[in-house]
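Shared between the two complexes below is subunit A, which has subunit B as its partner in the first and subunit C in the second.
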Partner chain A sequence: MVYAELGFGSLIITFLVSLYAAGAAIYGVRRNAHAWVDSARNAMLLTFPLLSLSALTIIYLLVTNHYEVEYVTEVTSRSMPMYLKVTALWGGQAGSLVFWSWLMSAFATAVTLRKWDRDREFLPWVVVVSSITLAFFLGLVIFLENPFVRIWQTGTGQIITAMFQPAGSRIFVPADGSGLNPLLRHPGMIIHPPMLYLGFVSFVIPYSFAMAALITGRTDDRWIRITRRWTLVAWLFLSLGLILGGRWAYDVLGWGGYWGWDPVEIAAFMPWLAGTAFLHSVMIQEKRGMLKHWNMILIILTYDLVIFGTFLTRSGVLSSVHAFAQSAIGPAFFAFIGLTFITSLTLLLQRWNELKSEAQMTSLLSREALFLLNNLLFIGILVVCFWGVLFPLISELATGQKVTVGPPFYERATGPLFAGLLLLMGVAPLSAWRHSTAKTLGRAMWKPFIASLVVVAAVLIGGIRHPAALLGFWLAAFVAFVTLYEFWRGALARHRRLQESLPAALWNLAARNRRRYGGYVIHLGVVLMAIGVIGIEIFQTETQGTIPQGGQMALGNYSISYDSLANFDTPDGRNVARAVLSVYKNDQYIGELHPRRDYYYESQQPMTIPGVRSTWEEDFYVLLVDWEPISSQGATFKIYHNPLVNWLWLGGFVFILGTMVAAWPEREAEAETERARVRRARYAAAEA
Partner chain B sequence: MEEAITPQVQSAGRIKFIIGGLLIVAAIAYLIFTSTQASAQYFLTVEELVARGDSVAGRDVRVSGAVLGDTIQYDSKNFLLTFTIAHVAGDNKEIETEGGLAKALYEAVNDPSRPRLQVVYEDVKPDLLRHEAQAIMTGKLGDDGIFYAEELLLKCPTKYEEAVPGQAEG
Partner chain C sequence: MMIGVEDRSQRRSVWLVVAVLGAMVWAALFTGMASAQEAEPVTDDEVNAIAKQLYCPVCENVPLDVCPTQACAQWRALIREKLAAGWSETRIKDYFVEQYGDRVLAAPPARGLNWLVYLIPPLAFIAGAFILYRAFRAWKQPLPDSEPQRVPSGAAADEYVARLEEELRRR
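Let's turn to the complex of A and B:
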């Protein structure tokens, strides 16, 4: 069996090649030797095919049941369908680190293929930073978490694991693997972890450019302009990963929830928060030449939170919602995070004076001031999250007693900050750069404001009295109207000026200014998501009970009747208990639901799968809790009524759509602002 | 391009922003402080909880331990779940010296000398509740010495040893 050696050998070569790339690039730049820089570039290009070989080898071993490889035994079993065997590449810790590195090399390759003459000063340093990051992950894989380790039986019959054949031992092939945790056997497994990882990995690129800017001293906004689309793409994947994770939890975890403030969820959320703050504040640097230090700090923070997030979320043993085992790779991660953080900050301090603001903030209601406020709120939420994750450690150090905080802490502390962000989302698009007053803002805002009050009145008439819900609906309506009004005003102006039809004007408006209007679409997505969150958080109701066959149970205006239950084995090693329910709404029959319980024989693990009836108005969500073997005895159900929850998923879709609009490549050459053109000329002159 | 700013205006503007910024930072600090106070819970091991007894009775605490499979009883008609957990070290380092979480849980359920705690939980029985799982619970210790859990989280570290029986040589 040479596959393990092949895959492992390729990992080692990639590790050496990426170290070489970093070294050659540094040497080449320092000595001004183009040949070395080109060699570094070629080395970087080599990492992707090499890692593809390793990753494809793992996939091959997974799908062909090579159980003598420990990783294959841990994450697959014979009864698993093919697609899950492939996705088992990221089902365990060692494989997911290889997967991470593979994606990293793909992105680094994509960057390296850019035209080198344009950003010649940056690219060698981008190669250095990304290849060091890559080398770190490969080092983890090679020295601490090797997916190619095999199982051996020694002469004395002992079972051991080792990469290479220990003397006097024979290869040992278990009959079957222990299989992927049933909670991970869901189509969500195909898409959720890769999206999250893509998001993580692609944030390395803007960070690399930021470091390149600091090292080379080209500290204008060029690095931001180059990486603008990278950042948006990274953010797109990260957002998609988070949204899909929520959807998966809602479908699979059986508690009708989408977000549990689990430390691992928070670990993926923190880089998103820092990245979102970054996305907003770079606009101020581009427009006004301000907040340069702040942007550097944000991208450094995002990068290290990405590494931290990878550490916490690397799938490993995802047995509970997100359990993760302790292992030797913890200290290595913390050492790397510490090292990169300190190095980045040192670089930043060296350039501190060159990153002076070119303008002064004067008006508290100006666009830039409101963006700054937005940043403070995002970072505030980040601090809340960080505090919550670290609090047990802090309390243990301070008092010797471990004290933890749970979801109520996060909800209470972030709630007002999220509300503040929503409000800003309504106000900021209407404020002007440089100078705005309450008067000018009021003039721009009164129409959407009145319209939003009408919505609140309608909600009140509809019978809703919950203060938080009323505030939430008002904010959602206000932001939605402001945003739609912006579209309307822009389209109307085009329509009048260029005689375009209104739909054409709307289309061209967005197409000509993708970043701005893509951003507005994202805001609309957030509004829709907020409506869904209000619905499920405030208005969710539930009931539970045992009913005999033919019996009925009601929740609100819904009722179910328990018709029958079937219990059968499936070819993939499950025993399925599946109930058939008739669902009635306002005493009208509306359909059947099939909540079920799958029992996985090999892992002795039951899994509850809800029966859900989904409409725009609400989800009717039924869990099969228990049943008597003789089905006439009855069965026990738990029912949730989740109003408006589908607006959350619709909002997620709109959100992603908006991000794609904003990130879509412009057909015409990158439009340069006056400032950027002036600066570019100055740099060209300085170089000459 | 930029408006001319006299030093006085500049410093006045600065103060405005510094005060505004400080107010927001103070508000965030206040939110974190009060929310921590409102929802902080002691995270105890079974041993610590049993030792403290009355001093934490009636207060929300978190406790974790290893589930004893034989003790799991579920009355689904009343959604009443009862089981017993055995003491597991709370410190990650101690768990590491025991050979990892899976090993520590195994040791815990097979050591009758360890302190144990009976748990009552009223809800759907979680899929992951099984022998040797780690249960992490939030709830209150009753006067009767039973822990009444309001929230129940489970971790089941996969064990390599589990795969050993039933192997074939190749």
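Let's turn to the complex of A and C:
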């Protein structure tokens, strides 16, 4: 049984190596000794193989049923298939933290391997920031959440857990583990955490460069240019993680929705909000040399929200003050967040005067002004989310009474802000940098505006009178037409000037500025998602009832008849109750649905799997709520009618596609803006 | 005469029978209606309409109408009982708040410290908007050396092409 020692030993070595990397880098800079900086760099590179050894050891223990290891007992069982045992690495808290660190070291290694010739001064500080972050997580794993702790039986027969053999005890191997939480045994849940974690860890990279820029005083926007793609990649993974999480909730949680404003969801959403604001506002710095302070604040915020999110998604101890105070990792996380936040802000304040704006805001309708409004709205949503998550704790501390801050609060508070974002999404692409007037904007806007009014008229004729829905559809149509119009005008201009065919013109246009046109594709994705959200949020209907076998139940123009129910055990330790329903639409038979309830014996948890009939128009979504176990005579079903919900998933797909277009590596060498070139030359001259 | 007397008493008894029968029918109708009223079941949808707005203290963040646990099923049964007893929605919700505290509600009731939950986000937003407004005002003072570039006037399409080309060039 050397595996646990091997994995744990390698964790300790990685911890020491990352501390060494930070120390050596700082020492190297102070003494101006390149050898020390190179040594720090090599140490950083060493963390990945070392952590791979640890992570692979955990995976080995998981798949070979080493139940004497407490973590293995907690998250696996003999009946689980191999792939689930592997993914159990991130099925519990201790394993997740190792997994997080493993990904972190992979990204840190990748960034360390880049060419540093133009910006050597950043290297030591990027190493320092990323290795300290890594060391923090490894410290948590080693001292507080060790996945290699084993189970022992003492001489007196007591069962205890410890990393190393306590005197007079023998190893104790339970016959079987308690198995992975059934909710996590879903393809969506297998991919969702890694995506989210990839998003989380890759935001550490832009933050490291930002700190490096502050520490070295190299306050041109080189750090932004280097980390542009890292930021987009981080954002891509985070968005993908959020979308997959929504899909998983829709498929598995059995409440007919995709987003419940749960603190765990919000924890992943907050870094995304700050990151999205950052993605937009760095463009102002690149183009106009403005908002340098603000961009620093945004990336610092994103980084600390990433740490906060990691803490919240896994431990969930924010649910009560009591649980928080009792958990060991809660205070550790908060200390780290507080420390990094204060240090970062101090660094920023020291460089405050060097980060002066290079240009003036010349028009309230210019692109940069509208981007600032966009930032205000994103941060507004962030404040609502943060406050909603925090308030129950404040209330409990102040009055001793817990309160629930649930969906009605978030929906009311963020609804108008989301609508404002959509409106900006329609106006901003038409405004010009520096100077835009109501007249030029109006001239650019009137065609898409008229087209969007036509859509609203069509929706009105279609019989929809709900004001929020009408507003939503108008905004969606407006943004869609503006965005498509942008593609059209650009392609037409190329077509006329360069005699390219229209498809070729469109392709070359997008290829020429992937970030801009990828961004527009993302906007189109958001429009599609908005249509889905309007459909399900405003027009969802539901009913529930108990019907005997052969009985019928109706919702709108749909009806179901309850044909039969089978109750059986499966080899993987489930008891399945599966109903067979015939579905009719306008009294026409359209097919069968099989909603079911799986009961997992090991973890004693039920799971409700809906039967769904999915079309572009709507989802007909049936849940098996209850049934008579003996006679199997009657059963209770809950039916949801979710109009347009598939547009949400399609929008998610388009969204990710757009992000990939924007993040795709450019074939030609990095192009710089004129401003950046001048700034860099000036900086190089000052250095010399 | 005897016949007449008998006749009268017979007629009386007929009336009596009619009256009794009538009363029975009436009573039957009445009790029938009453029992029909009693037996009219509370539908699941009526229960869920209220359960949707409540959260049990054990299952964090799962609304009562979709929570699969036994405890939540009992709460729903309780709602059904109260509805059957003729309680209004507000009375049922108040009952749960009284029993288990404010946390059963989906959003905190706006009183006391809870006002903060509703006040802070709009105040923060207004403060942000104000800061932004001040920043705009400060920024709008044009610098002498940063004359806004004049795009040569011409057809709207040309202006757009020029702007597009410029933006793509500058990346």
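The rule we apply is simple: the second predicted complex is superposed on the first by the 661 of 688 C-alpha atoms of A that agree within 3 Å, B and C clash if a C-alpha of one lies under 4 Å from a C-alpha of the other, contacts with A are read in each partner's own complex, and residues count from 1 in each chain.
Simple rule for what comes next: a contact is a pair of C-beta atoms (placed from the backbone, for glycine too) under 8 Å apart; a residue touches a chain by one contact, two chains touch by 3 or more.
Because the structure is a prediction, the values reported are computed rather than measured.
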Problem - Clash or fit (per the criteria above) of subunit B with subunit C on subunit A - result: clash
Problem - First, second, both or neither for A:V383, with subunit B first and subunit C second - result: both
Practice task
Applying the touch criterion given at the start, work out whether A:E70 contacts subunit B, subunit C, both or neither, answering first, second, both or neither.
Solution key: first
Exercise for the section: Identify the partner contact of A:S178: answer first if only subunit B is touched, second if only subunit C is, both if each is, neither if none is. Expected result: first
Practice task
Check whether A:Q604 is in contact with subunit B, with subunit C, with both or with neither, and answer first, second, both or neither.
Solution key: first
Exercise for the section: For A:I159, select first, second, both or neither according to whether it touches subunit B, subunit C, the two together, or no partner. Expected result: first
Exercise for the section: For A:Q401, select first, second, both or neither according to whether it touches subunit B, subunit C, the two together, or no partner. Expected result: both
Exercise for the section: Classify the contacts of A:A432 with the two partner chains as first (subunit B alone), second (subunit C alone), both, or neither. Expected result: second
Exercise for the section: Once the structures are superposed on A, label A:A369 by its partner contacts, choosing first (subunit B), second (subunit C), both or neither. Expected result: both
Exercise for the section: Tell me which partner A:A413 touches in the superposition: subunit B (first), subunit C (second), both or neither. Expected result: both
Handout entry: Offending stretch of subunit C which, after superposing on A, collides with subunit B (from 8-16, 26-34 or 134-142)
Key = 134-142
Completion exercise
Overlap of subunit B and subunit C contacts on subunit A, residues 254, 319, 359-362, 364, 369, 373, 376, 380, 383-384, 387, 391-392, 395, 401-406, 408-409, 413, 417, 434, 544, 546, 606, 608, 636, 638
Exercise for the section: Using the touch definition up top, name the residues of subunit A that touch subunit C in the complex. Expected result: 254-256, 260-263, 287, 290, 316, 319, 357, 359-362, 364, 369, 372-373, 376, 379-380, 383-384, 387-388, 391-392, 394-395, 398-399, 401-409, 413, 417, 432-435, 443-444, 489-490, 493, 497, 512-513, 516, 542-546, 606, 608, 636, 638, 671, 673-674
Exercise for the section: Would you tell me which residues of subunit C are touching subunit A in their complex? Expected result: 43-45, 48, 55, 57, 60-63, 66, 68, 101-108, 112-114, 116-118, 120-121, 124-125, 128-129, 132, 135-136, 139-143, 146, 148-149, 156-157, 160-161, 163-164, 167-168, 170-171
Completion exercise
The answer for subunit B against subunit A in the complex is residues 2-3, 5, 9-10, 13, 16-17, 20-21, 24-25, 27-28, 31-32, 34-36, 38-44, 62, 74, 76-77, 79, 90, 92, 95-96, 100-102, 124-125, 127-128, 130, 138, 151, 153-158, 160, 162-164, 166-170
Exercise for the section: State the interface residues of subunit A toward subunit B in the complex, per the touch definition above. Expected result: 68, 70, 73-74, 153, 159, 170-178, 181, 183, 254, 317, 319-321, 323, 325-326, 358-362, 364, 369, 373, 376-377, 380, 383-384, 387, 391-392, 395, 401-406, 408-410, 412-413, 416-417, 434, 544, 546, 604-608, 623, 625-626, 636, 638
